[in-house]
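Order as written gives the chain letters A, B, C and D; numbering starts at 1 within each chain.
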Amino acid sequence: MHYSDYLQLDKILNAQQPEGERLGEPAHDEMLFIVIHQAYELWFRQLLYEVDSIIGIFGQPMLNDNSPELQTIVHRLSRCATILKVLVHQIDIMETMTPMDFLDFRDKLRPASGFQSVQFKLLEARLGLKYEHRYGQQYYLSQLRQPEVDRIKSAEAAPTLLELLNKWLERMPSVWTDVDSPAGTGDSWFPDYRQRYQQSLADVEKGNLEYFDSVFSGKTPSSGEAQPSRSLSPLACRSALFIMLYRGYPLLQLPFQVLHQLLEIDEQLSTWRYRHMSMVSRIIGSRIGTGGSTGKDYLASALERHHLFREIAALTSFLIERRRLPALSVEMESRLGFVVAG
Amino acid sequence: MHYSDYLQLDKILNAQQPEGERLGEPAHDEMLFIVIHQAYELWFRQLLYEVDSIIGIFGQPMLNDNSPELQTIVHRLSRCATILKVLVHQIDIMETMTPMDFLDFRDKLRPASGFQSVQFKLLEARLGLKYEHRYGQQYYLSQLRQPEVDRIKSAEAAPTLLELLNKWLERMPSVWTDVDSPAGTGDSWFPDYRQRYQQSLADVEKGNLEYFDSVFSGKTPSSGEAQPSRSLSPLACRSALFIMLYRGYPLLQLPFQVLHQLLEIDEQLSTWRYRHMSMVSRIIGSRIGTGGSTGKDYLASALERHHLFREIAALTSFLIERRRLPALSVEMESRLGFVVAG
Amino acid sequence: MHYSDYLQLDKILNAQQPEGERLGEPAHDEMLFIVIHQAYELWFRQLLYEVDSIIGIFGQPMLNDNSPELQTIVHRLSRCATILKVLVHQIDIMETMTPMDFLDFRDKLRPASGFQSVQFKLLEARLGLKYEHRYGQQYYLSQLRQPEVDRIKSAEAAPTLLELLNKWLERMPSVWTDVDSPAGTGDSWFPDYRQRYQQSLADVEKGNLEYFDSVFSGKTPSSGEAQPSRSLSPLACRSALFIMLYRGYPLLQLPFQVLHQLLEIDEQLSTWRYRHMSMVSRIIGSRIGTGGSTGKDYLASALERHHLFREIAALTSFLIERRRLPALSVEMESRLGFVVAG
Amino acid sequence: MHYSDYLQLDKILNAQQPEGERLGEPAHDEMLFIVIHQAYELWFRQLLYEVDSIIGIFGQPMLNDNSPELQTIVHRLSRCATILKVLVHQIDIMETMTPMDFLDFRDKLRPASGFQSVQFKLLEARLGLKYEHRYGQQYYLSQLRQPEVDRIKSAEAAPTLLELLNKWLERMPSVWTDVDSPAGTGDSWFPDYRQRYQQSLADVEKGNLEYFDSVFSGKTPSSGEAQPSRSLSPLACRSALFIMLYRGYPLLQLPFQVLHQLLEIDEQLSTWRYRHMSMVSRIIGSRIGTGGSTGKDYLASALERHHLFREIAALTSFLIERRRLPALSVEMESRLGFVVAG
């Protein structure tokens, strides 16, 4: 076993063929352009590998909330976030290419474009982005070849991380999440919490209770406004809220880490999108009037729309201070792992 | 001279008085909240110090384009960008504070808010942000004390970096920037360039020529649309364009670095704003209905509006390929420093 | 409550008095020198605050291995590592100061020196560095004032994080760590593991068993070589080994995170020392023959000696493959949290 | 032209074949191990490409000190430093692999090893590292295949960056570097500087003058100690010193940037080596007694020995304060670009 055979370096290091050289008009920076995109694709491959393994574990019907599998999920999500941080940093390298240097070979690449990265679209799809929520659907389709479109559609059709997360949250014990028993009876925690949340609202915030009820009970607000379609059910949101509030209990530590790492990934992905957009705008500029949305416009819109776990992040608005939390019953505490019998 | 006296550590290390402790309800993470904001303010102080020194040099009537002063400007702009990168990274530390940990002391700080950082507003003002271009003017005024408003207004009234940049660009030799002589006569470079730019446009892009003329000649586009007010004059834009295109000539190397570093600062500032916004949204959430714009909305709007040097960045759209550039006359080349006599 | 009062910005922003200005020979970069050292000291204050809080929790006689307190320890250790990463990055800012710029005010600071940072020495002492293990003791004493020496000595005298870690590891259940029962009886895990480790050794590695026994059983190697004094007892090392090997079990997840974060801190501290050393050498150079060790030599030696948790890191050498691990008895598994009754 | 064809993604994304899978004992983390090494190799390819282009320019006999070529060199050196920073950061990803996870597939890779990276050795060789200065020559040869050894030897035999740098520095105008004319005559700058340096030395530093003379005049110190062989000649060192001291002059700005970027590269390379060493030690540990130096020992020694541009960094010790510098003659100033006629 030799290092270069093991890594198949004959393939990796012989896959750089600048168009400029082929056409007899070499441009020094084209090599950088090729290498950095290849490095991105290598890391997208790794991200897909990790996300697929996480989906595989999440899809098991009996995932125990304190099993080593959950720890493995947290570990791999955290690795994805670490990779994404390096990918953000990598943009610094691209920015050493000035606009004039890019112009030297830009026309030769047309119409190839980063929008054609199938792996990146697969990654978004596996995490949970659906075609109908994508920004610029028409443009998106026009950039891909049919087999690639099929591959992405089939990734969307399989259970995504977001859907499995929703199901996993819905499976949590009902005592955390029941909405029915009256507040104060101790049979259920949620009605009590709702009451305390209501009390925490200042006068100008009273309207928030409707928002609270629409998120956690699925009630249509009195305004009758159509709700945007949501990825997490009211039941799943009640679980996630409970986890955030009582994360100190042993049984909730790993579930909290799962939510935390998903937010971390979302933030790194969105930082990447933001810096990528700035970089494109800086190096390419925007030729207005090319008969379609400019690159920058597309990227700016996608930035906002493709934030996959924003419903988890939004729960932050419904937290109340620790000292005002409902005390848990002995039975619940025991279940959560603090009251250890002999 | 002793280290701790020199650094006045008695002041620096005795300036942390958590409200929680004072009120008998200590919250562990309040110390982090204080220390990180103080660290930011220290660095804002340094940034102001550097920017003021740069403005001082830029304001000199006879700044020679190849003098050590210009090198000093580049060096200090680059330092500002380096500081801003660390400030972006520093947000990672703030993000180790979870929403629940922040809730433990959040109410005690009201109505203190990061919007009240005078130094950050001074920094924006010194760089070139005018009150009339600020997003949320009403809110902005309501957060500051009168002496602070006065201080910022006076910073706005003094020549800003953006204004001095405009003047400096306008002072460049007229042979680079004259619009009058007919293309091809060699007396002036610009008409020739405009012709070549026009030729570079694909059919669908033809409309861009109007945009080109509005930027570089101040002509109102045929649509008659009101132009947004601009910070850089057509003359200054022609200079900046010339510098970008011919940056290889000795005399243009430092001017190019000036433009490059300003874009770098703008990008780091805007990355900071973006990550700051995400962090606020993640830790604080948004309580809808508090009778005003939420923190996140304010930050999202400011993000777009406060991009100070975007007019420089936008020039990228008007570059053409190096091999299609007009050749410079011997006289011009000599002036730019390549034809060295004896 | 106003932002600038809350943060005591009157103190923080009025604590910069360059010597150059006072003496009428202003040097532009002295402000940077002051501000960056103050920023470091602010963060050292925060690190001490976190480490002290961790020591406070660790010092509790009955720290339950799955309590929220352990989660708090992991969270705060992880915060310390995040802060240290920013401190490493911050060196980039210092490196924007060239040697010539530093020379402009260097002599005015003498004999003030970064070695005089009491907080950094306190931090090392609280983590576990003892005076007798410090490199360059004489030099170290000569740089500090007596009250500072007293303060550090008293920090060394109190239980350090390293000592408390040792005690906490020693308190783990004896079934993981007993050395006495014969391998294979199932009463104890360690003799079985030792046997498997021995089997894993290739012929040329056979000597490692002696090293294994010296670490885990305190036996003097046959060479009779004096062992360097160790911070972790054989009993504590057996616990740490067990935690590393079986980290997937619920009860061991947080203990594993504790060990992991300590290594992370150690690595960041040592990266900081390394880059600090390079930076000093690059900006200051080394004037040979100044009658003492040069700054760089001191830093290089301290780098190796002040690695506090290296005994944990060294346990890596004694791990064997997961598939060859001894299976745990049902009783042990139950204790570790997998066999959950109904 | 399609994105995936242009980037030859069929090669890049089909070059990952974990040994574990092949042998029916899959280990999840082996994919990461492969991908990260491939990413490193891609970037080494890019670094070699940049360094070779720089060597190509440096090797031109008439490289003008203010030509666009020099600017190109600075730009590409700076890009190399940016890439190296990302490579340092990338170690964070590798560190998400725990020792136990690595053990799951480690044995299957033997004897493949990172020491077998030909590209990294080529990079060191092109920069200037000679076989006779390498640490662990025997080990080094034993790890490589003959054609690889030949390739590296031939890279060493061609003019290296360090050698070309030396020649370029030696070509600087003699008026900066002559040692012969008596101090104060103005015919030469160096004797005057030597005198001022001598005056700047405190009593305990007097011995430094011998060190000064050995570096800048090649004189054997009175101790008669054999000097370690040096890469930069005394003449080249005098040029470099002059450039550092008078970097503000137009003609010296780019040469100063060249030196600065080389130090930056050296620092990033050495930080990479340091963190790589820590990572190896943390993940692999050190099995003592494997019949050779352990990985960590090798890396620690290479760290110090392979610092290629340390002779430039060491010049810092010979700088004196700006206000004590010899004034340059009008003739010299004119040559350096400040006295501009008309």
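Just so we're on the same page, a residue touches a chain if its C-beta (ideal position, glycine included) is under 8 Å from a C-beta of that chain, and two chains touch if they have at least 3 such contacts.
Only a predicted model underlies this, so the values are computations on that prediction, with no experimental measurement involved.
By the document's definition of touch, common neighbours of chain B and chain D comprise A, C.
Averaging C-alpha coordinates per chain and comparing to chain A, the farthest chain turns out to be D. Two chain pairs are in question, A-B and A-C; the one with more C-beta pairs in contact is A-B. Remark: chain B and chain C have CA centroids separated by 40 Å (rounded to whole angstrom). Averaged C-alpha coordinates put the centre of chain A at 34 Å from the centre of chain C. Residues of chain C found to touch two or more other chains are 247. Across the complex, chain B meets chain A through its residues 98-100, 103-104, 107, 202, 204-208, 211, 244-245, 247, 260, 263, 267, 270-271, 274-275, 278, 281-291, 313-323. Of all the residues in chain A, the ones that touch chain C in their complex are 64, 66-68, 71-72, 247-250, 253-254, 337-338. Remark: chain C residues 1-9, 11-17, 19, 28, 31-32, 34-39, 41-43, 45-46, 49, 53, 75, 78-79, 82-83, 85-86, 89-90, 92-93, 96, 108-114, 116-119, 145 touch chain B in the complex.
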